[in-house]
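Alright, structures below, take your time with them.
Next come two complexes, and both contain subunit A; in the first it sits with subunit B, in the second with subunit C.
So, the complex of A and B:
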């Protein structure tokens, strides 16, 4: 029997630095480790002794792809602590900037990072030589998402216009109008994204996951809701730490998350979709059905279609918000700091992002905790690989490596956030 | 010549883009060269500073016939070494521009644009070998010196491009 080790020393087309180690002994899978070796970044420690107003700008620096998610979880946590309720058009503008981030992040992942796996290209540059129109569509979609973030956030990378209580400056209707015109094109392009991704070949792979996502009473979740799962979890975000634990594992600089006494769970677009299908816009529901997706999908490879569905939803929602927009009188609501603990959990493109801050009477952060989506998905990614790899052990190492990388990219992992990704090492031990 | 046509219509025909991160030592050099060029009166030349990822480059240059990009590189050469690439006819080795942590660096963006047939007619890329990319530090002495040389070279390129002689200078070179 053959034994071997396969190592991918740097996983490509994922955000941040990580590696994959696979050990095969006597022809059977003996070990799988998703190694996150990007060094710890100590953001929780940086936040101590900083003013509560600084949290959205400091945490936005954790990620260049999803800074809005960090800003939103931070401001919601602070507002919970100081009993501030942001409503009306300011609340709508927060959903709008989040839609921009979803469009930008999902378009990048679907077209530039994940599609080459399905079509057999090493990267998007090679794919672009044969599929120029498709790649250009992805780039245009990403650009429109970026424009929304830039308009509302002040700039597209590490935006600076979000604050506790609202924004520093809010846009006029005249400023939003050109974006609406572009979003009409983007909605058609998103629909085409769903149709096109549905034509890709998907491995026959389904698992009995516990999906976890926010669920709001009447809207597809972005900023607010209760934390629910398909296995009975239904809690307020303030109860997060009573139900979820983080564990250190030797091979990863990112903590592994688990549901107490149950283990691994799944966050991100597939979880949101499965738990909130009824709250998608009618056109997004219709597009999903037409693409052959039922309201519950357990094949993580089909997350590429679901990302397309979510791009479509984000375009619909952004257009709805702009259509109903009236410029608020004030760009923000004043917060009065008190001794308190605040909790925030919002839906980053990759899944739920939890923040908790303790604040003293002068508004100084005394303690901070941040749990990003990729660290929550690590156990599930490893579990997938344990189930997925045995079917492909007959493949040569190079092909096996590509299959594994594709499976990992189902989760659009952001290692920079999780600490934060990827190299592959396959060890086939020879007797 | 395409340039002459553009100039007669009163449009900038040459775009210079300084790429970099202002807060990371020698990575700021592209931005600093762009800032110096902005202080000089250069007819028909538009100068931009760009600090986001490379995917924006195609959008920036779509209305230009000739583009000059200046960025810091870390290829392992001696600090201050000046690399010059004529990127229109031939690919740029990705090892020269791979400092972006997310998405696209300059080389990837150029090669993607080549695949999409969206390269400008003339594309010159200067890469200045950095010494120190630490946060909050000034340009190193070697890179400061190289920046002065790039300024001279870019001015010369602009004159050459105006005279439509860019196609005569297609060799990739290490200047310093």
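So, the complex of A and C:
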């Protein structure tokens, strides 16, 4: 019998660095380890002794693709601590900037990172040589998402305009109007994205996952809601640490999350979709159905279609917000720091992002906790590989590696933010 | 990331430049030597030290991009503390973590041909640097302060008119004065300009009511270990 090890030393097209180790003994899968080796990042420690006002600027630096998610979880946590309620147009503007980030991040992942797997290209640049229109559509979608973030945030990466209590400056209706025109094109492009991704070939692979996402009373979740799952979880975000634990495993700098006494769970677009289908816009629901997606989907490879559905939703929602916009009188609500602990959990493009801060009476952070989406999905990614790899063990190493990478990319792992990630080692031991 | 954000230019760039190693965007890896290497990130592990030496040996031009690569970045906040305290704060099993006690810029380890500042870098400046090297000329990225950019935007000075502490007078240009344009003080993403008068700015901050701790925090963010900012923050540390 043949045994072997496959090691992928640097996994491509995932943000950050990680590695995968696969051991095959006597023709059977013997071990799977997802390793994260981007140097540890210490953000929780850096936040100690900083002013509460700095948390959105500092935590934005954890990720270049989803800085808004970090800023939103941070400001919501601080506002919880100081009993500040951000409502009306300021709240709507926060949803708008988050829609921008979803469009930008999802378009990047669908077109530049994941689609090349399905079509057999090493990257979107090679793909563009045969499918120029498709890649251009993706780039233009991404650009519109970035334009929303840049208008409301000051720039695409590490925006400067988000603060506890609201914004430093709010836009005029005249500034938003040109974005609305572009969003009308983007909505059609998003619909095309759903149609086109539905024509890709999907491996027959479904698992009985526990999906976890926010659920809000009357809107598809971005900033607020309760944490729910398809297996009975229904808690407020303040209860997060009573139900979820993090383990530090030797092979990874990321901490692995689990639900107490149940284990691995699944966060991100597929989880949000399965738990909130009824709250999508009518056109997003219709697009999903037309693409052959039922309201419940357990095939993680189809998350590429779901990202398309969410781009469409984000375009609809952004248009709705701009349509109803009136410039608020003040750009922010004053916060008065007190001795308190605050909790924030928002839906980053990759899934729920949890922050907790303890603040002293002078507004100084004394303790911080951050749980990014990729570390929450890690156990589930490893579990998928345990189930997925045995069907493909007959393949030569190079093909097997590509299959594994595609399976990992289903989760759009942002490895730099989960460092607390990818190389591939396949070990086939000969007897 | 900033390169991927050049949505209108990305495909045009790839017509002129072969991308040899960019794992965030492509699985294709080409063997060196390389004409130009753009390196981001600071040196925080022994593995980084070996890797940057290999990259230097294989590159005609080495350009470092971003505050981590040019100044140690936010990771350099550890340089002011004991790194082991940080490890045990964040990780349950510190024995699994391998890291150096300081986060340092690339230029501390190998010769660097050009540094592009910013957290994040400005993608227009990145295009300028690529274009300059393609045409064999020096990149045009001014080293004056954010104040100059701010004046050019006809902004009213946030520090003079509203008393908002602003690092603009001592910070390297490049962002086009975004923060003052959004009615907040500059917080120094692009690091110190050439010959900054940080001492004078700190006393202005004191007059505006910033206490010592807040002055230390103001200089100690994403370019905390860049010498002028480091010295200024240390002068106010008890």
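We take it that the second predicted complex is superposed on the first by the 430 of 431 C-alpha atoms of A that agree within 3 Å, B and C clash if a C-alpha of one lies under 4 Å from a C-alpha of the other, contacts with A are read in each partner's own complex, and residues count from 1 in each chain.
Methods note: a contact is a pair of C-beta atoms (placed from the backbone, for glycine too) under 8 Å apart; a residue touches a chain by one contact, two chains touch by 3 or more.
All of these numbers come straight from a predicted model, not from anything done at the bench.
The superposed arrangement places subunit B and subunit C in clashing positions on subunit A. Of the two partner chains placed around the shared chain by superposition, neither subunit B nor subunit C is touched by A:239.
Of the two partner chains placed by superposition, only subunit C is touched by A:50; subunit B is not. Using the contact criterion defined above for the overlaid structures, shared-chain residue A:286 touches neither subunit B nor subunit C, since it reaches no partner. When the two complexes are overlaid on their common chain A, residue A:429 makes contact with neither subunit B nor subunit C. By the touch criterion defined above, A:154 reaches subunit C but does not reach subunit B. Comparing subunit B with subunit C, more residues of subunit A are touched by C.
Residues 15-16, 64-65, 108, 112, 124-126, 128, 135-136, 139, 142-143, 156-157 of subunit A contact both subunit B in one complex and subunit C in the other. In the complex of the two chains, the subunit A residues touching subunit C come out as 10-17, 37, 39-46, 48, 50-51, 54, 57-58, 61, 64-65, 108, 112-113, 122-126, 128, 135-136, 139-140, 142-143, 146, 154-158, 160-161, 163, 168-169, 247-248, 250, 253, 255, 331, 405, 420.
Those residues of subunit C whose C-beta lies close enough to touch subunit A in the complex are 1-2, 4-5, 7-8, 10-11, 14, 19, 23-28, 44-45, 47-48, 74-75, 77-78, 85-87, 89-93, 96-97, 99, 119-120, 175, 178-179, 181-184, 187, 189, 214, 217, 221-222.
Subunit A meets subunit B in the complex at residues 15-16, 64-65, 108, 112, 124-126, 128-129, 132, 135-136, 139, 142-143, 156-157, 416. Those residues of subunit B that touch subunit A in the complex are listed here as 51-53, 55, 58-59, 101-103, 108, 111-112, 115-117.
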